[in-house]
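There are two complexes below, and they share chain A, which is joined by chain B in the first and by chain C in the second.
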Partner chain A sequence: MGLLTNLRDSISRVTDGLFAADEPKRIGIYGPPNAGKTTLANRIARDWTGDAVGPESHIPHETRRARRKENVEIERNGRTVTIDIVDTPGVTTKVDYKEFLDHDMEKDDAVRRSREATEGVAEAMHWLREDVDGVIYVLDSTTDPFTQVNTMLIGIIESQDLPALILANKTDLPGSDVQQIANAFPQHETIPLSALEGDNMDEVYTKIAEYFG
Partner chain B sequence: MPGPKANVDAADDPDDGDDGVRIDMISGARMEGLTSMEKIRLILDGVREGNIVILEEGLSPDEESKLIEVTMTEISPDDFTGIEIETYPKAEAGDQSFLDKLMGRESTQKLTVIGPANRIETLHKDENLISTLVSRK
Partner chain C sequence: MPHQCTSCGRTFPDGSKEMLSGCPDCGGNKFQFKPAGATADADSGGAADSGNEAPGSAAGPSGSAADQSDRTPPTPAEGSAPVANDESEPTPDERAADRRPADSADPTPSDAAASPDSATDGTEQIADRSDEDTAQASARSEVVSPDELDRASRDVDPAETPPAEEEPQPGIDALRDELNDQFESIRIVSPGQYELNLMELYDRQEYIISLQEDGRYVIEMPDAWGIGEE
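After this line comes the complex of A and B, so read on.
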């Protein structure tokens, strides 16, 4: 009976694998607010589909809903990898509407934005537990990566056994320190890039194909 | 069923509004029998009262994820702006026993400090030290 069960499981794994290979993988773009997640999502979507995913802004929590761009086909080394990109709101443990008032926003708008931001972060956490097959974790390489949100999120991603690619973004800015990010998460490969300028995107696409293909 | 309470007796609960900051240090043994949602409720109820909650053994990654999610649903303008949470960085996998690795059991034993976002500020953090500033109100 054990032999038959093992044989059936093996066949099931092979057939599941064959069918799964045809399904686009859902790749969540995660990270703290203002790391450049939407800029990256737009860069990938524009490079391979011609369309953008959503508006970019220097104001935190511009992205307040997870947005999906489906069937992005990335060609690398003679093969095509199809992914769905999920651009998620920046994850945080606190949202205070008063911070938006510093960006010339009326109180009503700031309160509405903060409410939408909290809903978006809750949604992003739910996606991470239930609905993504891999994670691109974007960090601003000009800021300290040793934050609790980063530590917790990387821990959550690892506990789910999701393949994760860490991107050190904003290398075009003067204070960029890619090594600091590599030191913070030595168990993962860190790829430098500027999503805004499109620097090093070739390596990013090669790694996306390698990790999620 | 009433939710678990960090403070056992109301008579032991001084008026913590003016004079100081209350710190609830919750042992691993107390958390052990609770479900994930009971742990999160225990933490958030304390934090929303303005207390600092210190967990001897911390939360699992899945529970941390749910804590963020539930915290977001409870944030409201001029009332609750969320939480500040600090733990030591995750222990290396090498700290786990062979049996734990084999059974997929994670070691979550990491001292964790949680407080209201508007009252607690992290001054310094590294592998061995968490230094925080707690304001009264």
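After this line comes the complex of A and C, so read on.
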């Protein structure tokens, strides 16, 4: 698993000096449900470790427990940044089993999914308080970013002084509006990408190295 | 005194924040919820029959069931087995019994039936719910649940047997309201429908790791690791 990558990184670490941090920074991937957090986490993990993090789905709240991928070594401009990525459940203020019924789900399953999703949000908020060193905030660029959840989470992240990278995902879709996200959070840099298609991932990795290295 | 530590039996008033950092006496982190109406029953045992369990006292066989129902809650609290105590569920049903002695029984059983499958008290193994089913079932069988007793007493009065299974019953709703007053971080609107107070979830040091539809909950606290669990 990533033997060549490790070897390459080891060499670059030696040649470039003492870049490797003692402990990898733990980077939480946060955002509302269905923004593409798991797709991004899988993209990053596959690109640099060959593994996936978790299943992706169009159905909201597919990720109901935080999943961690440790020691993801990202190489940028001759230096290596090692991070642990934590894919978190989508944060929301309301969870309703009825929205799952549209996805061909039985009521019992929908209610259970709803309860697990709620526990997942509680867990994600707990992680944000105690366990992350930086945040990648993923937004669906086809939807309005001016929501209570986004405002509150970005506010919490700022109050914690956590480094935060805002990603405008789903640029491959017709309704994508990256500028709207940039306008919503002008105090942060907004990076457009399509995690699904892998578009603009180079810039994303550069920024990850810059922000979290 | 709605909350009682299952380890040492210490009780806490409604809305108390004292318990949020663990039981001050023993450090336990498991509590059972006892609404105000249930306390008197628990203390006086069968004495509460005449007041609360009209249908029970009206009929011979179920009179003993109602009696037992009243006595059930104190047993786990006074017992010396704190681990199993989170399986006792006196609160929701007693409360339902208090307010509506023989009405709409079915929602409660359906909730209770769903619980063993999906909403067990698992602290570390929420993901492995299937593994918990047998443990949950056996734990359940050790103490006759007040829910079953409740149903037994209701059967005496067929006139009030509820027709619908999915209708939420006022007793449960009232319980949810009371619980919501204490846990403002997650509001249970109805089974499967939740409203979350993100700031509250973020602000609290402990966090809710298991939700259950009947009003029970498990919270984990940093300084309680290893104390309540065996």
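The rule is simple: the second predicted complex is superposed on the first by the 193 of 213 C-alpha atoms of A that agree within 3 Å, B and C clash if a C-alpha of one lies under 4 Å from a C-alpha of the other, contacts with A are read in each partner's own complex, and residues count from 1 in each chain.
By our rule, contacts are C-beta pairs under 8 Å (C-beta built on N, C-alpha and C of every residue); 3 or more make two chains touch, one makes a residue touch a chain.
For clarity, every value in this text was computed on a predicted model and none was experimentally measured.
A.B. asks: Putting chain B and chain C onto chain A via the overlay, clash or fit?
C.D. replies: Result for chain B and chain C: clash.
A.B. asks: Just checking: does A:D96 make contact with chain B only, chain C only, both, or neither of them? Give me first, second, both or neither.
C.D. replies: In the superposed model, A:D96 contacts both chain B and chain C.
A.B. asks: Per the contact definition in the header, classify A:E158: touching chain B only (first), chain C only (second), both, or neither.
C.D. replies: In the superposition, A:E158 touches chain B alone.
A.B. asks: Touch test for A:M125: chain B only (first), chain C only (second), both, or neither?
C.D. replies: Both partners, chain B and chain C.
A.B. asks: Using the superposition on chain A described above, determine whether A:F146 touches chain B (first), chain C (second), both, or neither.
C.D. replies: In the superposition, A:F146 touches chain B alone.
A.B. asks: Check the residue A:R65 against both partner chains and state whether it touches chain B (first), chain C (second), both, or neither.
C.D. replies: So A:R65 only meets chain C here.
A.B. asks: By the touch definition at the top of the document, which applies to A:D108: first (chain B), second (chain C), both, or neither?
C.D. replies: So A:D108 only meets chain C here.
A.B. asks: Taking the stated contact definition, name every residue in chain A that is touched by chain B in one complex and by chain C in the other, in rising order.
C.D. replies: Looking at chain A, the two contact sets intersect at 91-97, 111, 114-115, 118-119, 121-122, 125-126, 128-129, 152, 156.
A.B. asks: Within their complex, state which residues of chain B touch chain A.
C.D. replies: Contacts found on chain B: 60-62, 64-66, 68-73, 75, 77, 81-87, 89-90, 106, 117-118, 122, 125-126.
A.B. asks: Quick check: in the complex, which residue numbers of chain A touch chain B?
C.D. replies: 91-97, 111, 114-115, 118-119, 121-122, 125-126, 128-129, 146, 148, 151-152, 155-156, 158-160
A.B. asks: Would you tell me which residues of chain A are touching chain C in their complex?
C.D. replies: Within the complex, chain A touches chain C at residues 65, 91-98, 107-108, 110-112, 114-116, 118-119, 121-123, 125-126, 128-129, 149, 152-153, 156.
A.B. asks: Applying the document's contact rule, which stretches of chain C touch chain A when the two form their complex?
C.D. replies: Touch residues, chain C against chain A: 114, 117-119, 126-127, 185-186, 191-199, 201-203, 205, 207-211, 213.
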